[in-house]
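As written, the chains take the letters A, B, C and D, and residue 1 is the first residue of each chain.
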Amino acid sequence: MIDNQTSGVFVISATPFTADGALDLESAKRLTEFYLEKGASGLTVLGMMGEAAKLTPEESLSFLDTVLATVAGRVPVVVGVSAPGLVALRSLSLQAMERGAAGVMVAPTPNLRTDAQLTGYYRMVCEALGPDVPVVLQDFPLALGVQFSVDCLLQIFAENPQIVMLKHEDWPGLAKLGALRTAEEAGAGRVSILVGNGGLFLPQEMERGADGAMTGYAFPEMLAQVVEGCKIGKRDAVEDIFDAHLPLIRLETQPGLGLAFRKEVLFRRGAIASPFVRRPGPKLEAADMAELDRTLARLEKRLAELA
Amino acid sequence: MIDNQTSGVFVISATPFTADGALDLESAKRLTEFYLEKGASGLTVLGMMGEAAKLTPEESLSFLDTVLATVAGRVPVVVGVSAPGLVALRSLSLQAMERGAAGVMVAPTPNLRTDAQLTGYYRMVCEALGPDVPVVLQDFPLALGVQFSVDCLLQIFAENPQIVMLKHEDWPGLAKLGALRTAEEAGAGRVSILVGNGGLFLPQEMERGADGAMTGYAFPEMLAQVVEGCKIGKRDAVEDIFDAHLPLIRLETQPGLGLAFRKEVLFRRGAIASPFVRRPGPKLEAADMAELDRTLARLEKRLAELA
Amino acid sequence: MIDNQTSGVFVISATPFTADGALDLESAKRLTEFYLEKGASGLTVLGMMGEAAKLTPEESLSFLDTVLATVAGRVPVVVGVSAPGLVALRSLSLQAMERGAAGVMVAPTPNLRTDAQLTGYYRMVCEALGPDVPVVLQDFPLALGVQFSVDCLLQIFAENPQIVMLKHEDWPGLAKLGALRTAEEAGAGRVSILVGNGGLFLPQEMERGADGAMTGYAFPEMLAQVVEGCKIGKRDAVEDIFDAHLPLIRLETQPGLGLAFRKEVLFRRGAIASPFVRRPGPKLEAADMAELDRTLARLEKRLAELA
Amino acid sequence: MIDNQTSGVFVISATPFTADGALDLESAKRLTEFYLEKGASGLTVLGMMGEAAKLTPEESLSFLDTVLATVAGRVPVVVGVSAPGLVALRSLSLQAMERGAAGVMVAPTPNLRTDAQLTGYYRMVCEALGPDVPVVLQDFPLALGVQFSVDCLLQIFAENPQIVMLKHEDWPGLAKLGALRTAEEAGAGRVSILVGNGGLFLPQEMERGADGAMTGYAFPEMLAQVVEGCKIGKRDAVEDIFDAHLPLIRLETQPGLGLAFRKEVLFRRGAIASPFVRRPGPKLEAADMAELDRTLARLEKRLAELA
């Protein structure tokens, strides 16, 4: 189970498909092992970047089963369960927990606007799940169009102790992160904060009090190194490495298209058998491939200089 | 099967739940019979106002089976299959068609903006479904945030002959409706056009060339009467009746809340066992109930005057 | 000056142009007299439906001067001053107040989402204006994409006593209106609440505690009659008249296009010399004109029956 | 005048204010000289990042006059004139051109969605301006919510030859840029393409055929160096320098907050007397300042290594 002290790097797992678009469970096993080897302290499956919305209900469960069986308890696995209705959300959550998930991740439905709507929504969600299911709240305004203020988040956390983690991907979001930690020092309860946005601000976010990252960047070992380095006060030592990755992170954080870059890199690294992205979805063109070749070559060169 | 000549009133079916929120298949049968008695020339299930997104996958299929078995071929049944990914959309569509659906309804995904994105999307959808599945295109900017121009619709219809029907609920939408019919006279292929928006502009839309309505107003017999009256050139005779309903239609077309009014009226008319709306969803308060009492009483009085 | 007891019908004034698009100050005088004759208890100028954003700064002031000179103190005049920046908002407000306005109307900027952003914004606005300028808060989610919860409004009103009036056009909005009045009875300060949305729910809104209407429907005498009738407990007597207008109100409340209908009706009633709407803006086509002819004829006939 | 061959770096000028928020014309002169010294081949004033919407009409003109007088014809100056109405847009444009502007920049109004609406809008704009005013089309979906397809842009350019330049800041946007250049080779007319987004993809965009940048990054000399280097086939030589700036560019491209970082850097570099941003607007907190200190120090160190 995850809790409000959980830290490290939870990799948002891609969902691998074969070149003709079928769910590829063999690659799912290989990818899971890859993530664990590269330093993942947890996994998150069936998230947005995992193309969850493009799976059939049966595919979702069979992918989840494969990942859980491969992980075999070595690290916690969080499951994305966001859905328009509470019955479906509850149903998927309970199935996931029974199968061995460590918690569920819930994004707000895109129609929510006011603080009252948001606090009301998470109250309903937690009531539907029952108190024993640990919840990660996903705060991702760019993708969802929903904004949480610091006060609103604090109220939601205070009302629902089972929400033990925040997936923080507001942008800009450093001030929000700092304000949450300040409130904590002033007596608000603690939540674990793992940051998203492809890790674009990871060193800065660790400085403001993040516990780690929850994102799917195709070099999770770098994320793990930065999180670890920052935690032990060695930000200087790791930020050069982080900055070397920044040109590639920038390619991967492009809305929509970024996923195609991510899967292509995972494919090139041998973690999945095909970079296929299900439709509707992005596709790399020849010039993108050339740009990626160049970016990876420059990354390698720069890392060699730093080594 | 529906085709490009289909006309009349396709009722968007509510999905009935028991007072504690379970899917109520007994009421589903009763409601289906109610719609047929009140003059439905077709049904549409698993649409937005059918709370499709709040059903589990199993519930969706069992509700669909119940409706199809009750209808028993008396009228065509269209099934809402909109989904973020094509695999899931295709899977639900084929299941629906095998079970006896007359066609599927596909709304654009909410991220689509340009004409190229929209034409590309429907090309992908039709390719995924295969040419034998009749498709209804749902044009509902208020709910989806997606806008189709007349030219864009004409291009989509020309490229995909299996799209035989437009569910028209742009707002304002009369000029668009007229322009589509003008293009048809100038040689563009015909599509059936059924109008939504709770029927708010039904007489005006019939005047501009609509073939009927596809909406869930709780008095479908009035919709049928207006469609029929307008078709045979007796708009004057039916518009007084339509206008008598306008105060109630106005209550039912309120975004979100309207569904609670609709289910309450269906409940009062004996068509379903409970007006329950699944969460997250609207709920009537005492003042709403009082307003509905009054509105229904005034409607009855006015209809009596007109009789 | 307006205050928190202000009631009645504040007509949102159209801005008249000549047939070739120039600002028409002669028609501005005539239109102002027309509104006063038809029972306006106040006017609101330079609002959205007054095409304020399509005037040059010089035109705005000269139109305002003309209206104020014509009104000559007979009724209060509220001025729309919404602007992206506070310096411009303050500058226009102070100019308006010096010229004799009774208050200013401020909509939120469209980027605001959280309660904290909204309360912060109105704090800044009131600080910039100084405490002596009465403010109307415009709550219009459909047009602005900004949503206020009841709690958020109550906090804004409590913090800024100079906000004496709410222009209420949330949709659906009856529950919000009722909740504000309930809070008032429980000790929150009073604000005047005038309703918008073309008056589409006026009798219902009066029932829930509205003080009147602030909208630009082209038959303000009906609005005045309904507000007065509801206040003295004669809702039954006026609701038939209201319902007779509902088909036309429905045409006028269509987003965008509604303004063209409104100006056409004002033109036909002799209140302005041309129905011209500045570009970019809507235009009626022949079929719209025919529909309007019919709607007005039916309105006249129905009113005759009721007389 | 700008034309369809214009290239280089057009700096989006900040608008300087004194520490108490007044327009600072002395700093405007200094900032203009700073931009020219650092390699600007043109300036763009009264854009979004120039806080144009927060100026009064008088301030806009006096700032424009100051910049034009300081530039004194050394480089072309483009003026942002986007406005909700065509009368105001035309009026500001003609005033700007009379004063010596080299062209005007027009973003779409935020309500536009379909290709037909967008092509119609630019047709109206060009008709209102007359054929002698060179126009820059701003394509900035993240800020405006409006999306142009490649086909839509090509149609707009073909219909309106006075639109000589595209300010390209779609995100992701590399494929669009490439497609526009491919269409050009296939016979579509040429437009100049300058890229925005803080320069975040500048080397990549030059590779795809951009003519330069139009953005306000606080180190314009780097932009000029990259544009020049890429043009003469020395991308390798300049990309290390670009990548060294990427951590700072990332801070500056944060929506909203980025402007505060930009003005703070301009202030530290001595280009303006105060980093003040008008309200409503972002403000740096202590932790932001510390992060900026660190980022600038690391930039300096890295540039030294590369020198």
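Here, contacts are C-beta pairs under 8 Å (C-beta built on N, C-alpha and C of every residue); 3 or more make two chains touch, one makes a residue touch a chain.
Note that the coordinates shown come from a computational prediction; the quantities given were computed from them, not determined experimentally.
Student: Which chains contact both chain C and chain D?
Tutor: Common contact partners of chain C and chain D, which must touch each of the two, are A, B.
Student: From the centre of chain D, which other chain's Cα mean sits the farthest off?
Tutor: Comparing chain centres, B lies farthest from chain D.
Student: So, what's the distance in Å between the C-alpha centres of chain D and chain B?
Tutor: Measuring from centre to centre gives 46 Å for this pair.
Student: So what's the Cα centroid distance for chain A and chain D, whole Å?
Tutor: 33
Student: Which label fits the chain touch graph of this model best, line, ring, star, complete or other?
Tutor: Contact map by chain: complete.
Student: In the complex of these two chains, what residues of chain A are touching chain C?
Tutor: That would be residues 113-117, 146-152 of chain A.
Student: Can you tell me which positions in chain D touch chain C when the two form their complex?
Tutor: Residues 21, 51, 53-57, 59, 83-88, 91, 109-110, 121, 124, 128, 278-280.
Student: Please output the residues of chain A touching chain D within their complex, sorted ascending.
Tutor: Interface residues on the chain A side: 171-172, 174-175, 178, 200-201, 204, 207-208, 239, 243, 246-247, 250, 254-258, 285, 287-288, 291, 298.
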